[in-house]
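Each chain gets a letter, A, B, C and D, in the order it is written, and its residues are counted from 1.
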Amino acid sequence: MKKLKVGILGATGTVGQRMIQLLERHPWFEVSAVAASDNSAGKNYAQATRWMLETPIPESVAKMTVQPCQPGLDCELMLSGLPSAIAEETELQLAKAGMPVLSNASSHRMKADVPLLVPEINPDHLDALELQKKRIGSRGFIVTNPNCSAIGLVFPLAALDRRFKVEAVHVVTMQALSGAGYPGVASLDIIDNVLPSIDMGGEDRKIETESLKILGKWRENRFVDAPMRISAMTHRVNVRDGHLEAVSVKLGTAASLQEVESALRDFGSPIDELQLPSAPRPVIHLESHVQRPQPRLDRDRGQGMAVVVGPVSPCAVLDYKFRVLSHNTIRGAAGAAVLNAELMYRKGLLA
Amino acid sequence: MKKLKVGILGATGTVGQRMIQLLERHPWFEVSAVAASDNSAGKNYAQATRWMLETPIPESVAKMTVQPCQPGLDCELMLSGLPSAIAEETELQLAKAGMPVLSNASSHRMKADVPLLVPEINPDHLDALELQKKRIGSRGFIVTNPNCSAIGLVFPLAALDRRFKVEAVHVVTMQALSGAGYPGVASLDIIDNVLPSIDMGGEDRKIETESLKILGKWRENRFVDAPMRISAMTHRVNVRDGHLEAVSVKLGTAASLQEVESALRDFGSPIDELQLPSAPRPVIHLESHVQRPQPRLDRDRGQGMAVVVGPVSPCAVLDYKFRVLSHNTIRGAAGAAVLNAELMYRKGLLA
Amino acid sequence: MKKLKVGILGATGTVGQRMIQLLERHPWFEVSAVAASDNSAGKNYAQATRWMLETPIPESVAKMTVQPCQPGLDCELMLSGLPSAIAEETELQLAKAGMPVLSNASSHRMKADVPLLVPEINPDHLDALELQKKRIGSRGFIVTNPNCSAIGLVFPLAALDRRFKVEAVHVVTMQALSGAGYPGVASLDIIDNVLPSIDMGGEDRKIETESLKILGKWRENRFVDAPMRISAMTHRVNVRDGHLEAVSVKLGTAASLQEVESALRDFGSPIDELQLPSAPRPVIHLESHVQRPQPRLDRDRGQGMAVVVGPVSPCAVLDYKFRVLSHNTIRGAAGAAVLNAELMYRKGLLA
Amino acid sequence: MKKLKVGILGATGTVGQRMIQLLERHPWFEVSAVAASDNSAGKNYAQATRWMLETPIPESVAKMTVQPCQPGLDCELMLSGLPSAIAEETELQLAKAGMPVLSNASSHRMKADVPLLVPEINPDHLDALELQKKRIGSRGFIVTNPNCSAIGLVFPLAALDRRFKVEAVHVVTMQALSGAGYPGVASLDIIDNVLPSIDMGGEDRKIETESLKILGKWRENRFVDAPMRISAMTHRVNVRDGHLEAVSVKLGTAASLQEVESALRDFGSPIDELQLPSAPRPVIHLESHVQRPQPRLDRDRGQGMAVVVGPVSPCAVLDYKFRVLSHNTIRGAAGAAVLNAELMYRKGLLA
């Protein structure tokens, strides 16, 4: 089988590196081009990159010349790990030039015709692409994956909402350093410390707004938010990878603790039958030990693509509470984009 | 002025060390005896102790011989930093022998006639002592200070409850390592990690139950809990000192953001006029920057005795949310016991 | 092929866990018994163990019942991760009962007829076993692997000694937390800190004495130390795994920088031809970047069995200086014992 | 007494902040002007600065307007915490305009007529100023203090050299994060890690060259290096403040362990009689516990101005070995510049 050629935008950054790592032995895709900022363009990838991962740079990529982020790259599809400041313009330009762009940036996530795709939850959001292509006037398009702290949260919410309806959600995050990119958080800021209000509160708002879109519907040519209230408080903690979140929920219909746990444990996804290479089975791991999940011990479950939910207990204020952990640069960034690409490939949207 | 002689129980431990540090130049009290477990008893204090603080051991204490924790110590008052397992029996025995015991242990906190004292909030709880002395059959007694994570929480709650009534409280904690004592948390457990459910959830319950007692009333010879619901989720993070808590509250009466902030800022305490040496003025510091409070930068406010509250914002699920930080071994342990002693001294309860 | 049955002593500890992990899919060996202290004996392995590794407990081991550390275990060979305090007696007892014991403890390392084996360096030290068996009066015996900080050092020393003779070695270590076992180092001791003189200086002496034995000869029925002087200063740093060492050497014969680097790069081992499953090829990785090796980025080279040496530079006091990094619980403990077992199996010493 | 007006260059940076903190209640000096890069110039100091210290910004400074780093500032003396890239030009320009500049930057340290001043060690190096002033053609001048890792080392070396002559020095450093300024070291680089070769080895060379100048003589109008060989290997570790160094020395004349320790303990300085406000008495603290000094426990000795030396032991390669710790932003930067200013003031060089 001939593999689809994939270009990586922002290839030298934290997310770009993970994309390259995850595609190293991918059965359907291969990295054919790497693009980054003008500083890096023209250099050899290995030289241009401060590689931060434990596995070495894949040999075929190490030798590639970094290209500028412009149309004309040798690929059939692009995964973008660009920072938001640059992504908005660049990704649109590439989509207009006919390229499918699977973006990890926040720039286009909340646009009225851009899917904020989580394959296990809202694959039907891809229906928005028809409208988007018309707007852009191209066969290219943009599909986004969620913010790295929203992604963990939406899985248990989807599981509970499907069975009991979720009315209200309170979430407090303890997020890893790699979520801020590189160089990101200064060591002097985080040693012996916790930093509240990531991105001056911008992260709180992303969780609140993106989750509603993800859990909502594409109906009559527009996205309709899920009818629930979400309140988020974010924090950066001294952890390398893995976002931990403390969640309380109020349900629309009464449910016993056992029913809630089985809704989480039995969460089945519409894409289970598609056998996507990066889709974890199951996607939700329900842990029974009260001191789990922990970032260091649980972030790599399902090759970093599963989300781990701790034991559920009654909440004296809302109905139930639990914790959720997900790997922020895999499930919450690079792996999410790869899984989105796999779904679209299987559905014939990348041909 | 002749100083009151104070004995320290559990003098070699984390909390005992802080007590000794805080009393070094105290205007009313002086350390006259140090007591600890049988392992240490008989040794010179400096040799028996793995001193962990940046300031040196006070000279007069360094040379003392560690005593066993039994009646007969040369003091008029005892501050106890004993671990709970030992505290229950030992403290009761000393109180029965006629000694005032100001305890940091959890053992007696929830007893029906033992004050869980926070001078700025519930000084009237000391009225319970009369009943307690009768039960014990002694002029000695036990007074306790709260758990190190409850203490920070109750200040903003007291301020808001006084003006608007508080109906419900959701709190997620990020707690420092020193809260677990020494050796406490293993370094292999906390490096690159967060540990949920401190004390297997026991810490969650302490916050929930102790706060209700502290904010409640002593009425008709019994403690009546404050009529609010509290839900707590606790976490250990890689911070040395300073517990940070993310709090959401539902109020009994409508209040604007400005009213809520001014209730916090203007919190006045019934003991303000007493000029207690360790009482911070004000006790609540309201911070306006969205990325404050931070443990490392804010834990030492008011010599570690103030609590720092971050900016208030509306909560999409309850009414308002904010953060609170307090120094867990000062305001949350040793300093709390010292302040309790100061209040009782001023009120003539230690004569 | 039928696999050799291996028992693990100290199976619930840090090193025992690694041994079990490393043997999970081993081509020659399989874990057939797990033994630990009386606290754990009788329990199911999964329940008795605070498993600290990212990969799950191998299923076959999870269900085993933990046995006491006594003769009678169902195995043909034992790997021991016992702490030294217990190892001395227990291992000897098992050897006397006829069992081959491959020990990670320090107890027997310096004994006059016990090999301190590093397969790539001194496989001939196994000749000492004949004498040992006579002393013990059994077909059982004890073979040891080095201290976790000595192991990294001896590889570059062996490479240089072979070509140029090494006269003097100065080494300063920065060692990982896992080297102290679990619970090991208290988090309050290491946060924002470095701890000098591991084991009150005992670690310094292990490096100095063990290295001389490893690099020495078995000659006329006794071990003769290598004729070099070694001076070690040890430190614990806030790193999970991976011991970094700063080394300066004085050579017996003049050598250019290029000659020194090529001696390191071309280090060939007498066991290369044996194709042992856990033997890394090459065992010394010579890094050219001046800011390498780093514990987090380089500890997993060669599945944690390689040692990584940084660039060599002239030393103004001795002749040359460089850094060396090795994974302390793999190459420096569990993996070392497994590799020793592989060598002995290949040589027919375990039949 | 009227205080001398001091301007702070690089006032918003890590070192500038410490300078302002240290001068808050200084008996001789007061901060009269703060200057920083063009980004900050024109802003209120409190707004322009990400203040990182536990004590609040001194009120009088908080309200000052940040000025550009140019001649014309309202002060009689400048302390400079400028980064080296900018310091070279700016400091020279100010000196030429008649200003005494006490600089923490490396730019001018090794110049042929610029004192690299450590008051307790080489106060006579100030004699070079006469020549410097002539070169510059101004009554202004530049005096520098050493690199933050050289400063700790030179104290024990000076003590030993004075008594026994030092022939060779081997030093391996474990340096704190604050030594790299802010934002400095990325948290992703240092979590669970150690970084070798600070500044790509530039730090090693500073230690080697600066120490020789500091310990050398001003003789016949030029600096003559101390006749010893120094070899340095530097590392960044996950510690906020406090550089720890493992040192081995070869002496020129034989000395017993007791003689070496007493040379360190009894180190007396030519400035002891001057009673300078920031001079610690004694400057060398000799610790007897084998696990000291430790950065967190010992960095604040003598208000951060003392250097703490651990127990001395014989070295199998050179003669003796020990550790030394010093506070890198106080003794190693801001405090060093303040002490230099005090010495010069007392000597009438700032009138």
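Miscellaneous remarks
As a working rule, contacts are C-beta pairs under 8 Å (C-beta built on N, C-alpha and C of every residue); 3 or more make two chains touch, one makes a residue touch a chain.
If you're wondering where the values come from, they're calculated on a predicted model, not measured in any experiment.
Set against one another, A-B and A-D show the most C-beta pairs in contact at A-B. Among the other chains, A has the CA centre that is most remote from the centre of chain D. Centre-to-centre spacing of chain A and chain B amounts to 42 Å, using the average Cα coordinate of each chain. With centres defined as mean CA coordinates, chain D is found 47 Å away from chain A. In chain A, the residues touching two or more other chains are 52, 191-192, 238-240, 296-297. Taken together, the chain C residues at the contact with chain D in this complex read 168-170, 172, 174, 191-197, 200-201, 208, 229-231, 233, 235, 237-240, 244, 246, 248, 250, 290-297, 310, 313, 315-318, 321, 323.
Residues 52, 54, 191-192, 296-297, 300 of chain A touch chain C in their complex. Per the touch definition, chain D reaches chain A in the complex via residues 14, 52, 177-178, 182-192, 238-240.
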